[in-house]
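For reference, the structures are reproduced in the following blocks.
First chain A sits with chain B, and in the next complex the same chain sits with chain C.
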Partner chain A sequence: MDMNEKPKVGEKIEDQKPQEVPEVEAPKLPDTKEGKLVAEVLEKAPYAEGNVRRERRVEFKVPADRIKEFLELASEKFEMLIQISVVDWLKEGEFELVYQLWSVSESVHAFVRTRIPRENAKMPTVMDIWPVAETYEREAHEFFGIVFEGNPRLGPFILEPREYEKHPFRKDFNTLGYVKTIYGEDFDRYDESKTNYVI
Partner chain B sequence: MSERKNDDFISYELQEFKLFEPLFRWARKKSLWIVAFCTGCGGIEMPPLATARYDFERFGIMPNPAPRMGDLFLITGYVTPKTLKRIIITYEMMQDPKYVLIHGSCPINGGVYWDSYNVVKQFDKYLPVDVAIAGCMPRPEAVMDGIMEIMRKIEDGTADGWKRYRENYEYYRKNQDELFGEGWREKDARRWLAWI
Partner chain C sequence: MTNLEVPKELREEAKAHDMYLHPIDKDTYELFFGPQHMATENFSIILKMDGSRVEKAIVNPGFLHRGFEKLAEQRPYFTNIALLLRICVPESDVPENIYSMAVDEIVGWEVPERAQWIRTVVLEMARMSAWMFWIMGFGNEIGLYTAGQWAAAYRERFMRLFEELTGGRVYHIYTVPGGVRRDIPGDKWLRQLRDTVEYLKGKLKDFDEILFDNYITFERTEGVGVMDKRFALKHAVTGPNLRAVGVPYDVRKDDPYLLYPELEFEVPVLREGDSLARVLVRRYEMEQDLYILEQLLDMGPPSGPYMVKDARLKALPRFKPPKGDAYAHVESTKGDFGAYVVSDGTHKPYRVHIRGPSQSHGVTVLEELLKGARLADVPVILKTLDNCPPDIDR
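Now for the complex of A and B:
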């Protein structure tokens, strides 16, 4: 039967064969150093998901309530914290935190992803595992408003005080409106009728 | 200008110096000292400007680490409110006469950061500007052309940003206070006192 053909008037739709849904298989880990590394971590942490993206790049997904436990475990293999980056998923109402780890001994870069709700976002600090996390957590706190419990230096860091209150990297931060109130509207770029549009 | 009295706050143009004024202007034009405070991304145009190819020392221009001795202030690229505080303080430390050259479109109207929350859109609301180079980024040739323009203006006596800053100080001060809030100088000084 042609797939594009519409069912005829008398024909019952139920008569057609339901499309077979293939069972989702767990992604097979390749037989490389990355695959072995992920398998080793996942063996100890069955609550996490992990896969290999490409050479020297692996990825983990962890539920937010067990992130600290997982990172403590992962820090045996991944000795270095490179960055904590935040993604704002506005429609889903979630922040995604990406802990980027580097394994010095194996030369593998790992992304550890976790999601937390946007409202009153809270995370335990990982300063006791990697002291360098202090800076990244302060930055994430300032730009997104996530509270890292246990970090003693959360507070105004890079931004001016009035921006610190607004968290300018959130997706719902109205940049143009903010600029108009702070810097004034008396020049060409803001001419919304485009009569004097510059760029 | 000629009607100014000797007890005016701009005591520089005293009547008895009028005779030597062309000589002073010529000397000032031939020995510009740049304040070495690269405030934005245009700072990377300074090394090629200073090194062998475009060598600005042959015009008598030198970068100078002390603002007290400099007279040409290059605002190289975007200016954030945090930098602007330092720029204003540095500018006020410099002696008269002092000249300001701004690079690129960012200090003129925001440039590509026109809707960014932390880039100052109109630099000339906060400090007087003598020459502005449009475009991003100006090549060393353009910067040199701007400096030549400043030299021409010094010789004409039209590079008078430092006078305008004194005469319209209330206007500039009002804009600065609007952006940073009242008492920002004292607050900033208190914050950095521990480091001095």
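Now for the complex of A and C:
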């Protein structure tokens, strides 16, 4: 419905006012399967923002302190947690966590985004909603150093002991420096005079 | 039994060499299964055994970790193809395709029809050769080596076709953002592909006799490693493993890509959820894949370019897509294989996150299913789940 539409003759203006308030929060949700799904979720979770990206792709932005509440709500519609992607936005000093959900019944993929500060990054675990989150959280903990409170297995997973606690997927991890310290003289292909190394 | 205990002299000698040979108690012991075990493919499971029963299993990945995602952040967009396809060796075309599809979406490219046809054919050929690879492993696991050797020979036919098409046998580096790297060699190649499809259709009956309809297969897999629907959905199990518990989820039907909306095929579903159901779902899918290839060959390659026309493609190392992110996924033989690519507007991707299907069914699900299994069933459960260790390590 167009927001600038004038009230029709015969309708009371007082009746329309409360209806306009949710439309400001979600300005243009298309009248499709995805649009209805987003509207349904946002109705129960007014603190989140949502929009439709394209066919079968929707997106939500949720504040970090209410992420668990939101995912619990979303798990009714989205049965599967496909993965938890972490993006390190170094300049902004934030980690972006993207919980990617798939709805088997509706065939819609949802990105649930949230941002947390890089310093002392902590999140509640979602293991009790989707047990598979245990694996994804172990990975995110090992590579980025995010602590998922309530996950009992946040320990060494994929990396070797000497790489553990270094969090190599952070953008400020010095890959070349690490390789030089570990392999030392064995790393003979490295030439100081060259500047165009890709690592 | 007392004779299970290690003699005192031996224990002292071991202690001098920093080894501790004590069993946990009379019958319980720990067993390191893999990574050198043939069945596990560079994957390790630590089993806590009670006699010949598994009491607890802990998955121990990391033997293959090569840091592909980190390396992908430090290389230009097109160079990453040669890197990411090494994630899943039996079907290396899948990582190529998902990465290319995600980059296509960020740039906003509509892939030409001819390229879409070629990509679909390549993906189905990859699926078929990956099924052959799986039969090889599974046949060896339950002692039916002949089936495995046949499958290896039939896979060779696809490898030859791939070599003629792309120049590589295992790693193809063929699908790139915007299309494919070169055109199909000609009508002779299409005839050869049709011959191979016809040949394999006949050979499926031989596989039925020797493997799928075999008493040994039924004896070894029926009622082993059972999971139910709710468990599978909560653990994000996808692919044939999910279809074996009664959920008809197939990315090709539910989130169609390339030419799949135009093709006719069925999604086989069984309800039992045990190892036998998983094996049979794969058998039915092989038939469907051959049917899809046949339809594609009947359709014929559409005329037109095999690559998008874009001025930016002339300076590939400095190719810069706009800011944005995209997630693309395809149906592989292991399940739902996805890639999440984030672009910050420079010539390298800001973040590439690959979703391997084994990440879900190779860690928590495997640990749950192995509880209470016999030691002899451990490789059977591993192979019927079709675990691909590099999906987990990346």
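Here is the rule we go by: the second predicted complex is superposed on the first by the 161 of 199 C-alpha atoms of A that agree within 3 Å, B and C clash if a C-alpha of one lies under 4 Å from a C-alpha of the other, contacts with A are read in each partner's own complex, and residues count from 1 in each chain.
In this section, a residue touches a chain if its C-beta (ideal position, glycine included) is under 8 Å from a C-beta of that chain, and two chains touch if they have at least 3 such contacts.
Keep in mind that this is a model prediction, so the values were computed, not measured.
When the two structures are aligned on the shared chain, A:A64 is found in touch with neither chain B nor chain C. Using the contact criterion defined above for the overlaid structures, shared-chain residue A:Y183 touches chain B, although it does not reach chain C. Set against each other, chain B and chain C differ in how many residues of chain A they touch, and the higher count belongs to C. Of the two partner chains placed by the overlay, chain B and chain C both lie in contact with A:P168. Touch criterion met: A:R56 reaches chain C, while chain B stays clear of it. Look at A:T135: by the touch rule set out above, it reaches chain C but stays clear of chain B.
In the superposed model, A:V147 lies in contact with neither chain B nor chain C.
Applying the stated contact rule after C-alpha superposition, one finds that A:L159 touches each of chain B and chain C. Shared contact residues of chain A with chain B and chain C: 159-160, 168, 175, 198-199.
Chain B contributes residues 81-82, 109-110, 114-118, 120-122, 179 to its touches with chain A in the complex.
Contact residues of chain A toward chain C in the complex are 56-57, 79-83, 85-88, 98, 100, 102, 104, 107, 109, 111, 130-132, 134-136, 157-160, 168-169, 175, 198-199.
Those residues of chain A that touch chain B in the complex are listed here as 159-160, 163, 168, 173, 175-176, 178-179, 182-184, 187-189, 198-199.
Chain C makes touch with chain A in their complex at residues 61-62, 65, 67, 69-71, 74-75, 233-236, 238, 247, 249, 254-255, 327, 329, 336, 338, 340, 342, 350-351, 353, 355, 359-360, 363-365, 392-393.
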